[in-house]
């Protein structure tokens, strides 16, 4: 390993006396006294959320308003702090989405555990879970900090979907149906 | 006015003292808010700008302006100190623990009595300083009483029964002893100069201002120009004596949590806080009196000249008010200077504080004294 | 020079490693013995070879011999016998080991073959892993990862097939996922002898279906789900319940009959989600009956006893034990053991009867044998009671003698270890006449009538061992914790022994075996820890003359 010896520069007289340094410092601080404040007045002013920001995880619906999650539980599996808890269930017949077969019966994310790592979003094969812009969450009880399915969809809203995987599947099924 | 002078002297003195306290105490409080605002501005922040009582919020421009200045934050903080749980930790020596903050206030407020804060011109044409007690010992009384403030810190540190407090108290005693020497030696040339042969000897501070108000180039120049080294040593020692950064090793939160007041909270802590600012105000006042021409508005422009221009010589109350304003403006600038330095210069290490005190400042003060003593002796003989 | 070591072993060469394998072993098994994985879908060790998936293609070669002289041809380059490699790959499942056979599984040809097979299998596969229950234990997933190309070139429309066909009440079929390996068809034909499944249509339209008018209803139908390499056949009970990668696997034993089927209990956080068979070539191969797979539902079913009861009121276990001690002091006690208790519990039951100087009884349960894995004796551990000396003869269906003793007043207290006395020929009137101390898992007529009820654990919540119809002692482990407040049955039994004035016996399986094994001749030097996972055959000669009810079944032939 190369060793690099850095020699300290000897102090000049002005530096040794120190007072000129103090004066120089005071000149700088005086300049700053009249500079514009950089503060963001937080609750009124909100920071601009950059794209790709990892806020509170949410569940999203496709543009047709259908839930995208199929409760594959990959997010539950990958979640490092085990914040996600899913109870899988089947899609009821006649709901217009029964060809997807599977949907979460319950979907809880414990925000006291969540570390906002975004692995759930990365692993989701259905692009159903997104860490969106909400960055502050608070509550008066532990149970309040557990986002259930309803709250997750409320926070998630609808995101554009480029794939429409299940709509295509339905279309193919109908095209091949002998009774169609 | 005449009604006032008909009152017994004791009551007159008490009313005067109350008036001074009523001015100086709010200033000390306001300083704490000013400190926060100055700090914020220097750091490119707005500082406290949220607190506002509803009835001020209804005022159109003044309310928001005061809010932005943090004026109400001061009241809010004060009320908080008053209403906070006044708890005493279980492991302290209760009597001294409670006594210490009050002991801090006594010297801080006592020294005010011997510090003149303005002047008026009496019908005989003499400039009479405004002062609560015009003692001959003046500066000596200030030094003597102010030094008692150290006991509060030592007591607080010791009675807290905590190692951080204790170290803070020990540092306080060592630091104050070290810098007291330089502080005192620095003012000796001033008093050597003003106690010229043939005059009545005095250590009163009024005489120092009087000396800076004389006609002529030398007579009208402030002592900071005549004795810059004295002024510098005095100023630095003043920083150390008032425990201001860069010399606040006593409460140095990086290594001592809070120093001597670690275990204090609520109103008792607030008393220490106010005492510190009172000490700053007194220190600044003495510095202004000795080196900054006191109530003289400008170098070579004495108060009497101002009185002459505006015809105020016959209006002692108005002139007194003007002089107090000039004096307060200078003191407040000094306090701003204290803050300015605080938010610019980092804290010295404790050993550096000791080295500066004993190996730099004290020799410098002694050399300065010798040079001026010889010089003054040569000039005045 | 390759020479057979033993007459019934042949030496083959897998990827340059020579290994001796029994004659007739196919090359997948031979490679497995050599530690080489040959991927496959349709091959199953317990089914016939059909060779239709083509995933196990390997390169084969035989040592070259001079056609004229039959002398080995030596490769001048290496100085060893030359290998004639076949220019075409062969399927390893249908290639049996022959002397000197060489196979290569790592060559570019083999790699290309596997990639090609995988690509074609995935052409019409729906890739709905997110909703597929097989995900995580899917051969197609594993081998697409291990041997596939990684990317798809297929841009055409995929086939559409029926997605949710109920083949039977317990099996759901997704034809799109089916890779036509025919394992399920072969299982139904060869093992279950219920030939209802088959393919219809041709080519990529081939579809698995049931014979018209029939459905997959035999008691072994869920084995087709187990052996399905993809998610085409899924269990209706387990469908969409839980991902398999969350499940903890615990080795257990099926208690529905004396066949002693080895099982795996899959649980997550104290909740059992399914039971599957565990391979044991001496007992159940890789199969188990559907009826045994729903046994876990009893764990969280209604009527579970979770607290001790004394005279109809809930009480603490301590109170119940104190009350039992009082009853025991009055004398006239009979003990009814159970063929469903573990060997350890039966030993403690025996010691309890001895401490009480009481006679121990056992109740038999006999059903119809299906000649496969559900034997006629529906008690899993009657032989355990014989081995531990709890009883000396085979149990009867009804406890005639005990009921007579109750009528005569000789028996005033009955201790029942999990047996519903009403089913054992004791009438309600008789139950009212005696004081019953009942150890049970669920509420039943006996628990309602009992003076003292002590809650017990199900087989999934405790550890122990059973002796099956072959006199094979097999151990099971606790998969999930028992309900709060229910102590282990061994603890309850040893506390009862103390209450009866008996010795202080250990209540953990390991220490108990140290006490039990010396007192049980058939166990000898066996310790619970030394029983292998596939069980240990005990010496059954002392009981050779007893008329056991079991008939012939898989891997069991009665001595008679």
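Here the chain labels run A, B and C in written order, and each chain numbers its own residues starting at 1.
Going forward, contacts are C-beta pairs under 8 Å (C-beta built on N, C-alpha and C of every residue); 3 or more make two chains touch, one makes a residue touch a chain.
Bear in mind the structure is a predicted one, so any value in this text is a computation, not a measurement.
Taken as a graph of touching chains, this assembly forms an open line, each chain in contact only with its neighbours along the path. With centres taken as mean CA coordinates, the chain nearest to the overall protein centre is A.
Centroids of chain B and chain C (each the mean of its C-alpha atoms) stand 90 Å apart. With centres defined as mean CA coordinates, chain B is found 54 Å away from chain A. Taking each chain's centre as the mean of its C-alpha atoms, chain A lies 45 Å from chain C. Only residues 19, 22, 25-26, 28-30, 32-39, 41 of chain A touch chain B when the two sit together in their complex. Here chain A touches chain C in the complex through residues 70-74, 76-77, 88-90, 99-102, 125-126, 169, 172-173, 175-177, going by the rule given at the top. Across the complex, chain B meets chain A through its residues 38, 40-46, 232, 340-341, 343-345. Of all the residues in chain C, the ones that touch chain A in their complex are 126, 129-131, 135, 157-158, 160, 163-164, 239-243, 245-246.
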